[in-house]
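Below are two complexes that have chain A in common, paired first with chain B and then with chain C.
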Partner chain A sequence: MKHIEVMVIGGGPAGLCAALAASSLGAKVLLVERDEIPGGQLVKQTHKFFGSEKQYAGDRGIHIGQMLLENVIAEQDIELWTDSTVLAIYEDGVVTVEHEGKHTKVKPDRLIIATGAAEKFLSFPGNDLPGVYGAGAVQTLMNVDGVKPAKRVLMVGAGNIGLIVSYQLKQAGVEIAAVIEGLPKIGGYLVHASKIQRAGIPVLTRHTILEAYGNGQVEGAIIASIDETWQPIPGTEQKIPCDAICLAVGLSPLTELAWQAGCAMAFVRELSGHVPVVDDLLESSRPGIYCAGDVSGIEEASAAMVEGRLAGLSAAFSLGYEANEAKALQQSAMEELAELRAGPMGQHIRDGINKVKLKRKIGNHAFENQTEKSGIVKDYSSDATNTCRAEIKTSLINDGIPTKEELDAIYPSDKRLTEGPIAIVECFQEIPCNPCVKACKRGAISMLRDINDVPVVDEELCNGCGLCISLCPGLAIFVVDKSYSGDMALIKLPFEYVPVPKSGHFVAGLDRAGRELGRFEVVRVTSGGDKNKTFTVSLAVPHDLVMEVRGIRIGEQAI
Partner chain B sequence: MRIDEHPVLSFERGEKINFFYNGQEIEAYPTETIAAALHAAGVRKLGESPELHRPRGLFCAIGNCSSCFMIVDGEPNMRVCVMKVRSGMRVEEQRGKGVVGI
Partner chain C sequence: MKKSYDVVIIGGGIIGCSVAFELAKRGRKDVLVVEQEYLTSGATGRCGAGIRQQWGSMLNATLALESTHVFENLEEYTGYDGDCGLNQGGYLLIAYTEKEWEQFQKNLEIQHQVGINSHAVPLDCIKEIVPHINTDGIQGACFCASDGHADPFHCTYAYAKGAQGMGVEIVTYTKVTGLKVENGRIRGVATTRGDIEAKVVINATGGHAAQMAMLAGDELPIFPERHQILITEPVAHIMNPMVMSFHRHFYVQQTPHGSVIMGMGDPNEPVSLNTKASWQYLEHNAWVVTQTLPAFRNLRVVRQWAGHYDMSPDRNPIINEAKSAEGFITIAGFSGHGFMVAPRTAILVSNYLTGQQDSLDISRFSVERYKTGELLLEPSVV
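Right after this comes the complex of A and B.
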C-alpha cells in the first residue's frame, strides 16, 4: 500500500490547483487523473477566460491548462498518475485506484475530491439518436481531436456553455441553425450572446426542442415556443434541418466518491444537484476529506481553480505545514471567491452556499464548530454591496443585442467623437471580469468597486490606441474614429475566424444582429500575437454606419 | 471531416495510420480517439441498444456516459470516446449486451 500526505482525485482546474497549492506549502502530493492528459475541461476551452489576473483572466483556457500542468510536472513533490481511475474510498481511508492496469491501494493523510461534473441530459423523443451530443463532447471532437462534429447544429441552451460552444463551432466552420433556450432570458454572459448574434446566429429564448428526427441518425429537430408554464404553444412549431443537436442544459456534479466516502450531502438546486456539504475551508463532514470545484457546486472554471487552491492549502495546513503563511493564503483565496461570486451572475451560487450552511447548522453540531476556524471574509453578499447591482431588464437579456438607450448611455460625447479615435466598451452586464482595466496603459478604463462592475471609459484619457480590443475576453470593445476622413469613419473590431482578411479586401460589414450593412474596405489588420490570436480589423465605413457595424463576414466575392 | 485551418488551434496529427471498422479499413491519426476517427470518416452509429436495438452514438466524450461502447480487438464495452486509435485495431459495432468472455 502506498502512503501519501495529500491525494487529489481529478486533474481538472480544481485538482491541478489543489496539488500545486498543497505542494507549495511543503506537502507530498499524489494527483490522480482518469484521462490520459490532465486539464479536465481546460483542454478544450479555446476562449479567453473571465475573472481577474489572479485567475489568469484574458488567457485562453487551453493555455491555462497547459501552464498548470507544466507547473505540476515541474514540481518534485507532486506525483502524477494519469490514465488512472479511482475506484473506491473505504471506511478506513484507503483509496483504491486502477493504475497501470493494476488494482492499487493508497492511504492518504488528506484527500481532496475534485472530480468535476458531467453534462445533463434532456428528455424528448429521438434524444438517443446518434448526433445528439453533449456540448462538451462537441468541444472535445473539434478542439481536441480536430474533427468537425457536424455540418449544421442546433444548440439547446443559452447558458455560457451553449453560447461559447456555438461560437467555437462557428470558428471551426460549422453552421449553427439557432441557439434555443427555455428560460425567458439568456443565462450566460451577454457578451458571449452579442458575439454570436453579430456572427448571424440567432438566440431564441422561450423555445424548446419537441423532438429529434432522422433515420438512424439526427436529420433535424422540431422546436417550438413555450408559454410561462413551459408548455409548447400550438402552431409555433418549426422544423430545423440539422445533422447534430447539442445539449447545453447544465451540468451535474460527479459526486459518487463523496457519497461513497460518507460525506454529508445536500440537494441544492442552485448548485445543480446533490453536493457534499463543505465548510469555508472546503472540508467535508468527514474530517480530512476536502471537496473543490464543480463536485461541490457548478461554477465557472475560474472559481474551480481558486477552490482547488483553497482546498490544497487547507489540506496541507491541517497537516501542520507553514501555519502562518497558509492562513494568509487561505484568506486571500476566500476573498477571491467572494469577489467572483459578488455580482448578479453569482447570486444563485451565493444562495446555494447559504442554503448548505443552514443545513449544516441544523444537522450537525460538531461540523458547525468547524466553521469557527475560518477568518472573517469581506462580505460581498451583504445588501449594502448589492444595492447598485442590477440584472439587465431590457431586451438585451433576451437576445444579446443592446438597445439604443443602453448604447446612447455609453457613447462618448459628439465633441469627443469628432476629435479622434476612442474606445467603445459594449459591456453592459455586471460579470466578474477586468482584463480591460489592466489592458489600458493610460488608465482610461476603470471600474467603480470591484471586478463585477461594468467598465467605464474616460474620454479624455482614452486615445483610441485599441490595445484593449484584443485583450477583452468578451470581444466587446471597439474603437471608433470619426476623424478618419471627410466621407469615411474607421471602426476597429476584434476578429477570431479564418480566413483572416487582408488590407485592401472588401468585406461585408455586419450589424449587432448579423445583418449585412454593405461592403467596406479593410484598411488595416493587426495580430494580437502568437498567443493572443485575436486580430484587430480596421474597416472604413460611412460616418452614419460607424456606430452600427460591429462584425464582418468574408464572402466569396469579397476577396 | 477534419479541421484544417483554425483561428486558435493548430493540430499536429502525426503519421496516418489504418484501423478496421466492421472489417472495413479506415484512415486515422494516432492523436485521435476511436470515436473521433470514426466521426471523421462519417461514422456516427457506434452500436445498438441491447433491447430495442436503437442506434447508439457518442454523447459525453469524457468516458462517463457509456453511450459509445464498442468491441475493440474482441473486447466489448470499450469507451471509444476516450480510447486512442492504434494501427491495425479492429473496432466493431456492439449490439446487445457486451458479454465478457471468462
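Right after this comes the complex of A and C.
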C-alpha cells in the first residue's frame, strides 16, 4: 500500500491547482488523472478565460492547462499518475486506483476530490441517432482530435458552453443553423452571444427541440417555440436541416466518490444537483476529505482553479505545513472566490452555497484557534444586493444584440469622436472579468468596485491605441476613428478566424446581427502575438456606418 | 394510508411482500406493508439470489424444494407481467475435506427422502458440469440440476404487485418508530407518517428484526452480520451452475448476461448494521474464488456491495409470536437463505394466521427451541 500526504483525484483545473497549492506549502502530493493527458476541460478550451489575472484571465484555456501541467511536472513533490482511474474510497480511508493495469491501494492523509462534472442529456425522439452529441464531445473532436464534426449543426442550449462551442464550430468552418434555448433569456455571457450573432448565428430563446430525424443518422431536427409552461406552441414547428445536434443543456457534478466516501450530500438546484456539503475551507463532513471544482457545484473553470488552490492549501495546512503563510493564502483565495461570485451571474452560486455551507468544526485539524471566517473575508454579497448590480432586462438578454439605448449610453461624446480614435467597450453585463482594465497602460478603462462591474472608458485618457481589443476575452472592444479621413472612418475589430485578411483586401462588413452592410477595404491587420492569437483588423467604412459595422466576412463565410 | 388495518407488515423485502400476497390470497386483504426505504432496499436487493435445495436438514430441504416449485411459476402464480429471471442451472457443491464429503452424503439421503433430484458427482465427472474448475483438493461433489437463481427485485415486485392487486396497500419511505402494545396484545405501530392501528403486526425486517422486536418487549437472538458480494464485467458464458464451497466459504455463478457474481462468508465478521464494502474483501474473495476457478482470474470487477444476513443461533429462521405482545409475529433469522425459502415460508405463516392446515409445523421455528434445545441444526451454510 502506498502512503501519501495529499491525494488529489482529478487532473482538471481544480485538481491541478490543488496539487500545486498543496505542494507549494511542502506537502507530498499524488495527483491521479483518468485521462492520458491531464487538464480536464482545459485541454479543449481554445477561448480566452474571464475573471482576473489571478485566474489567468485573458489566457486561453488550453494554454492555462499546459502551464499548470508543466508546473505540476516540474514540481518534485507531486507524483502524477495519468491513465489511472480511482475505483473506490473505502471506510478505512484507503483509496483504490486502477494504475498501470493493477488494483493499487493508496492511503492518503488528506484527500481532495476534484472529479468535475458530466454533461446532461435531453430526452426527445431520435436522440439516439448518430450525430446527436454532447457539446463537450464536439469540442473534444474539434479542438483535441482535429476532427471537423459536422457540416451544419443545431446547438441546443445558450449557456456559456452552447455559445462558446458554437463560436468554435464557426471557427472550424462549421455552419450553425441556430442556437436554441428553452429559457426566456440567454444563460451564458452576453458577449459570447453578441460574438456569434454578428457572425450571423441566430439565438432563439424559448425554443426547444421536438425531435431529431434522419435515416440512420441525423438529417435534421424539428424545433418549436414553447410557452411559459414549457409546452410547445402548435404551429410554430420548424424543420432545421443539419447533420449534427449538439446538446449543451447543463452539467451534473460527478459525485459518486463523494457519496461512496460517506460525505454528507445535499440536493441544491443552484449548484446543479446533489453535491457534497463543504465548509468555507472546502472540507467535507468527512474529516480530511476536501472537494473542489464542479464536483461541489457547477461554475466556471476560473472558480474551479481557485477552489482547487484553496482545497490544496487547506489540506496541506491541516497537516501542519507553513501555518502562517497558508492562512494568508487561504484568505486571499476565499476573497477571489467571493469576488468571482459577487455579480448577478454568481447569484445562484452564492444562494446555493449559503443553503448548505458546513459550519467549521472547532477542534478540527489545525483550526482550533480560528474564529469566524466570514468576518475576515470581504463580504461581496451585500454589495451584490445593491441596486447597481442589476440583471439585463432589455432585448439584449434575449438575442445578445444591444439596444440603441444601451449603445447610446456608452458612446463617447460627438466632440470626442471627431477628435480621434477611441475605444468603445460593448460590454453591458456584470460578469467577473477585468483584463481590459489591466490592458490599458493609460488607465483609461476602469471599474467602479470590483471585477464584476462593467468597464467604463475615460474619453480624455483613452487615445484609441487599441491594445485592449485583442486582450478582451469577450471580443467586445472596438476602436472607432472618425478623424481617419473626410469620407471614411476607421473601425478596428477583433478577429479570430482563418484565413486572416490582408491589408488591401475588400471584405464584407457586418452589423451586430451579422447582416452585410457593404464591402470595405482592410487597411491594417495586427497580430495579438503567438499566444494571444487574436488579430485586430482595421476597416475603412463610411462615417455613417462606423457605429454599425462590428464584424467582417471573407468570401461567402460570415465571420 | 388508513388509520387502521387488520395486518401491518413491517419490511418490504421478499418476506414482507410474499407474506402480504399469501395473506391476501387467503382472504386477509386489509393489509399494509410499511417499508422504510424502497421495496428490496434491504437484504433482498443485496442478496446473492441463489435458489438451493441441497440442504442438510429435512425442514430446510422441504422449505427449499417447495419454494422452488413456487419460483418455477411465480409470474403466473402472482399474475406478474415481468420476468422473475429464474434460471435453473444447478448448484455444484464441492467438498474439500473428508468430513465435508461425508456430510454431503448424509445430506443427499435427506434430500432424496423429500424428493430432491440431487446426486453425487464422481470426481472425474466434475469437469463435465463445470469445465473450467480446478479440481485440486476436491474430495467430492454434489449436483442438483433444478437449483439455480432468480431475480430478487422482480420476485419481490411480483409478490408486491400481486398483493396490491388484491387490495393490499404498500407505503415506502415510511419508518416504523414504535410498536403499541396494550394488555399483552399488539395494537398498532407508530410511523414517521403517523400511528396505525393493527390486529396483527408482522416483523419482516431481516437484520433489524431484534431491534424491532425489542419495541414490543420481545427479546430475540437475531443478529445482523455483514456479507459482501462482487460482480464482474460480462463475458462469454462458460459456467452454468452456481459453484459453492462451505469449506472455503464461497459461492460463485455466472449470470445469464455473462457477469460473474460471487460472495463469501467471513467467520470473523462482527455483528453490525454496516453496509459498507471493504477492499480487503474484494481482494480476498477474488483470490479465493480464482483458486477454484482460475479462468476468472483476468476478469474485471465492476461493482461490490454489502448487505446483511439476519443470523440466528442455529442459522435457521425464527418464526415467533411474541409472548409479550400477542399478535406480533417476527419472521427473520434466515441466516443468508431467506430469499430462497421465502415462498414456502410465506405460505406457512399465512396458513397459520388464517387458521388453515399446513404440512409443516410452524412451532418448530419458534424461539422456544433455544430453551428446549431442539435446535434446527443445518450443517450446510456459507
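What we mean here is this: the second predicted complex is superposed on the first by the 534 of 559 C-alpha atoms of A that agree within 3 Å, B and C clash if a C-alpha of one lies under 4 Å from a C-alpha of the other, contacts with A are read in each partner's own complex, and residues count from 1 in each chain.
The rule is short, and it goes like this: contacts are C-beta pairs under 8 Å (C-beta built on N, C-alpha and C of every residue); 3 or more make two chains touch, one makes a residue touch a chain.
A quick note: this is a predicted structure, and the numbers were derived from the prediction, not measured.
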| item | value |
| --- | --- |
| Of chain B and chain C, the chain that contacts the larger number of chain A residues | B |
| Which of chain B and chain C A:107 touches, first, second, both or neither | neither |
| Which superposed partner A:145 touches (first chain B, second chain C, both, neither) | first |
| Chain B versus chain C as contact partner of A:543, first or second or both or neither | neither |
| Partner chain in contact with A:91 - chain B first, chain C second, else both or neither | second |
| Partner chain(s) touched by A:533 [first = chain B, second = chain C, both, neither] | first |
| First (chain B), second (chain C), both or neither touched by A:171 | first |
| First (chain B), second (chain C), both or neither touched by A:553 | neither |
| Touching partner for A:496 - first (chain B), second (chain C), both, neither | first |
| Intersection of chain A interface sets (partners chain B, chain C) | none |
| Residues of chain B defined as touching chain A within the complex | 1-3, 5-9, 11, 13, 31-33, 35-37, 39-40, 44-46, 49, 54-65, 81-82, 84 |
| Sites on chain C touched by chain A in the complex | 274, 276-279, 282-283 |
| Residues of chain A touching chain B in the complex | 34-36, 46, 60, 62, 118-119, 121, 128-134, 136-138, 140-149, 171-173, 216-217, 254, 496-500, 533 |
| Chain A residues within the chain C interface of the complex | 88, 90-92, 94, 96, 103, 105, 262 |
